[in-house]
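Next up: some structures, all given as structure tokens.
Two complexes, one shared chain (subunit A), two partners (subunit B, subunit C).
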Partner chain A sequence: MQKTDLIEMMTALLVDALKEEGSDDPERAGAGAPLLGSDAVLSSIGLVTFITGVESVLEEEYEVAVTLVSEEAFSRRQSPFRTIDTLADYILELSGDATNDAVQEAVSE
Partner chain B sequence: MEHIDWQLQRFGEGADRAAIIWRDRACDYSELTDRYRQWLGRLEAAGVRPGDSVGVLSDFSPGAVSCLLALLKMRCVLVPLAWESRDQHQAFFRTGELDHRVEIDDQDQGVVARVEEHRRNHPLMERLRAAGKAGLVLFSSGSTGKPKAILHSLPELLNKFRKPRHCYRTLTFLLFDHIGGFNTLFYTLANLGCVVAAADRSVPSVCAVIEKHRVELLPTSPSFLNLMLLSGAHKSYDLSSLKLISYGTEVMPERTLRMANAAFPKTRFLQTYGLSELGILRSKSESDESLRVRIGGEDYETRVTDGRLQIRAQSSMLGYLNAPSPFDEDGWFDTGDSVIREGDYYRILGRQSDIINVGGQKVYPAEVEQVIAEMNGVIDVSVKGEQHLLMGQVVTATVQVAEPVPAVQMRKRIAEHCRGRLQPFMIPVKVKVATEGQVNYRFKKIRR
Partner chain C sequence: MAKNTRKPVVVVGGGPAGSVAALCLRKLGHDVVVLEREKFPRYRLGESLLPGTMSILTRLGVMDRIDAANFVKKRAATFIWGPEQAPWTFTFATPKTAPWVYDHAYQVTRAEFDQLLLDAARERGADVREAHEVTGIRTDGDSGPVAVSWKNGASSGTLEGDFIIDASGSRGIVATKLKMRRFDRYFQNMAVWSYYKGGKRFEGDLEGNIFSVTFTEGWIWIIPLKDDIYSVGVVTDKSASARMRDVGIETFYRECLEMCPLAMEILESATRCEEVRVIREWAYDASSLSLGRAFLCGDSACFIDPLFSQGVHLATYSAMLAAAGIDHLYRNPQDADEIRKWYEKSYREAYNRYHEFLAAFYSANSAHESTFWRKRKIAGAEDSRFAGKEWFTALSGQQVEAGAQGVDELEARAATLADLWQHSRNEVTDQFDETELSLRRMRWAGQLMKEFRRMARITWVSDEVRLVPSFKVHPTSFALERQQFIADEHGRAMTAYALTEEHRRLFESLKSQPLSYTALAGRLKALAGQGTPVQIIGRLTENGFLRGFDKNGDPVKIRAALRFGGVGAEDDIS
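Take a look at the complex of A and B:
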């Protein structure tokens, strides 16, 4: 599981989520699009739907079962749900692939 | 003295105090009184008569509040409606036997229109008119998915507000088509507090309003607190004006309460309890950190039967306009909430029934199932709630379909179908596709 794949997958889901909320501006669905705070692109129920969608795709397409919204996520100093980019890092960390990626990068270097 | 006359006398005592802050503009009690008088004239000129049922479609603006007060004076039946439930308004007009409809726009300008075709024969409404009392109709969802119309007699419902209580600058989290919002409004006005209207219920909007207008009381739900804590918004805004956070409408998770107390060490926390059918009870939490709560007040008696909380209230509704009376012969109402009694305190465990509570908003599975079952290719569907850290619960659906479809795609199709037919929080966030194991297995292989 590569970070770029995750970002691509989540961007597509975010475009869908924005459409579901009636947004006509899918341009807002970038890796850096704010998911929390005053500029958040989705409503709270939209965010929950999006995160659940990410979990479902991870399970269906990557066979990775993770729970993204957890006490662990709450207790972080910085929320992993800030952007798609930070969420991708969090998924890699949870699925244990972060270390694999680091090893791969080290090998390819 | 009638409540409205008592209330107007109170307004006179605090004429120059801010009553409502709406769109960052303050309306004081003397302006509110002036606007109330204007509304009396306007409503009479539009042909509104005592006993008429009048829908008011608006948010928490000075115009809307003064209109409600004028309707109270005219002993009309108030039917407050929110824009969010617009799809259901036609049905609400019929059930509420609406004679007139007042629509207040975002400039706070109102239009009064007569509702042409309507019936006017419900015995409870007739009883209210014969007694010469003002009424209130609130809509809640019914267990079959059909919203129930709850009729209150207003003098009884408002009576408790005459006893002086703390006066706060209060954010209106719920609108007045909800018993919580209605209660907040009349509590605040009775104590010459100030109602601060939030533009919407998103965390940043609410925090910005608290900071800007130095809000002291935030009545909210555990889900909102969760979202606020997760986003860290409480750190980016100055929320030091908050003296009290009251929470209700759903069960508070212990963890959320603990975290909220840590985030707001100087703020008191109070659990509230109420139902559309009975009004909001007086409550006292054992402590800021405790989920144990004493509920009751002068107008309420409580008891536990079969582990469920039952309440008898002097101010309970007259009844439903479209459903049988839920009261037993002695006037007790079964709340359906499981509770544990510990001395003087109750611990509320949650609904015993299968109602799904998404961030304080109730979802009846049957209502969602009916809509999904309309879809082509859907053989069967069952909807249930699933625990969720952010929203308390979320709606999930298991569908049996004729042709196998990946769950992610199916959810998308269901969401498309439900949009416009259901409110956003009712749409399943997660969908499982139930087919035979073999098909499922094959299907997964194809996708890989």
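Take a look at the complex of A and C:
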């Protein structure tokens, strides 16, 4: 799973999410578009729906089962939800953990 | 009505309600005369605005002159509330779903702001007559007032109009002359205020915010204005006037400020630069918000506690509605009853929403021990001060099975809202970052979505699903458009989003074939109309039209937050 693929996939989902919320400018859906704070491009419900959509695509197309909206994510000093770019890093980090866990389990067996 | 027999629309009052009414009517092509009692510029209280007003002004094409006036940009309101003085910030941040959706407002000097608007109305062709005091209104039986008498120095006269917009402020010429004004028994405040030069200014995400800070006997507003001025006011119970008489207004004001550490910290190096003023801020409404061919706008119709800075927003919002209604009546005079009902419902709903919000907010957070806070605690479902208030009747008797639960539910929604605003630190510092609020909202949204997804069966609660016609103001033309809304057989309608017959049939089908949240959201997504599936299902669930059950048949309770008008994308557009 490459970061560029993740960004491309999430950008397409963000365009859809912006359109669904009636955004006048779906072109703002870049990798650096702010997802949090005063300039956030989506509402909080829209953001959660978008991230849930990302989880579904990861599971269906990449066979990676991760929970992105979690207390662990919320408690991080630098939130992973700031942009698509930071979210892609977080997914790679989580999926790396998942792979390591799987490897660990395989070794244990 | 033939063009050549038309008289102007007479607007009484040149404050924000009068100016916006005149601007809307001119945009819609009507002749307008504005009679303003005073000569502008003139002083007014009410400096803190809401984004909803910016939205209306930008659609009227006058925001450029407001932007150019160097008023302090207001992106949020910060509340320092309760004995623990916990800081909460209610941010205006919202996705920009249209060019007229605003994430900020301004803290304005009203003399200048009001003049900018009145001048704009004059430049757009309104016949603005300052120093013209309206001394009387003429009524023709049931058709209501159709003329006003005026006085300008030694001159006087009568002006006839096809319609009258009463934007005369708290004087409320129509409401008081026709004895339509009703005073509120819950909100009975007194405000004592003045202005300071200098003082500490916050940076970062607190910059420009209004601070509303509680103390034992009420709360204090601290509003940063341009030119290094702070507007600082004390809101307390009317019963405190005896104490004020005893010690004098200046001592009383100073004593109150000294009970508020944040006020003292901000004003430590500041100097008071104006006299201390006092006003009894009685809350009131009118038994009817229109009468014949007269529409009551802004403070002439109703006023409520200033905690959420909604005064100018209700003024400009009602002015926009009245102007759109009058425009429709010029073309469709046969719709008079329908338009009056629509205006009454739309404006009253906006006012009631603040009434409910403020009562819930005070009641849920009245933790200080004092007369002010004890009086602002809702005494359960039987609290007679709310007798006749529609929102309270709905809450305590109809919508929720048990009245006491209704009041508890209201306070729970206020508590949810407060949770969403709370800072992560208990100190008011420049380090505050709005991102921490985003994460709180996101966590709440995540829980909300989880609850929705637990709904294995969603049913329509009442017997019938109806589609009822009403109006909405077009966001850019300001003309009224007929649209349809989902309702039940009790006449309750969900007017946030205009929906269609396909929506009605879908909700109708839920009575015999309930759907899961996911299935219902999927079906709604395929239908054309306003609102996203989660917005539509959310509104209908919150308002008791829909009810969700989990896979075991237990009801799924949604932890909703109180809604607040005049902010965000949904509430700016009527």
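Heads up, the rule we're going with is that the second predicted complex is superposed on the first by the 96 of 109 C-alpha atoms of A that agree within 3 Å, B and C clash if a C-alpha of one lies under 4 Å from a C-alpha of the other, contacts with A are read in each partner's own complex, and residues count from 1 in each chain.
Everything that follows uses one rule, which is that a residue touches a chain if its C-beta (ideal position, glycine included) is under 8 Å from a C-beta of that chain, and two chains touch if they have at least 3 such contacts.
Model, not experiment: these values are computed from the prediction.
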item	value
Fit or clash between subunit C and subunit B when superposed on subunit A	clash
Touched partner set for A:D25, first subunit B, second subunit C, both or neither	second
First, second, both or neither for A:F74, with subunit B first and subunit C second	both
Residue range of subunit C overlapping subunit B upon superposition on chain A, of 63-71, 135-143 or 351-359	351-359
Shared subunit A contacts, counted only where both subunit B and subunit C touch the same residue	20-21, 36-38, 40, 43-49, 52, 69, 74, 79, 81
Residues on subunit A engaged by subunit B in the complex (per definition of touch)	16, 20-21, 36-38, 40, 43-49, 52-53, 56-57, 60-61, 69-71, 73-74, 79, 81
For the subunit B and subunit A complex, residues of the former touching the latter	202-205, 208, 223, 227, 229-233, 236, 255, 259, 358-359, 388-391, 394, 406-408, 411-412, 415-416, 419, 424-425, 427, 429-430, 444, 447
Residues of subunit A that touch subunit C when the two form their complex	18, 20-25, 36-49, 52, 69, 74, 79, 81-82
Partner subunit A, residues of subunit C touching it in the complex	75, 91, 93-99, 103, 205, 433-435, 438-439, 441-446, 448-449, 532, 534-535, 538, 569
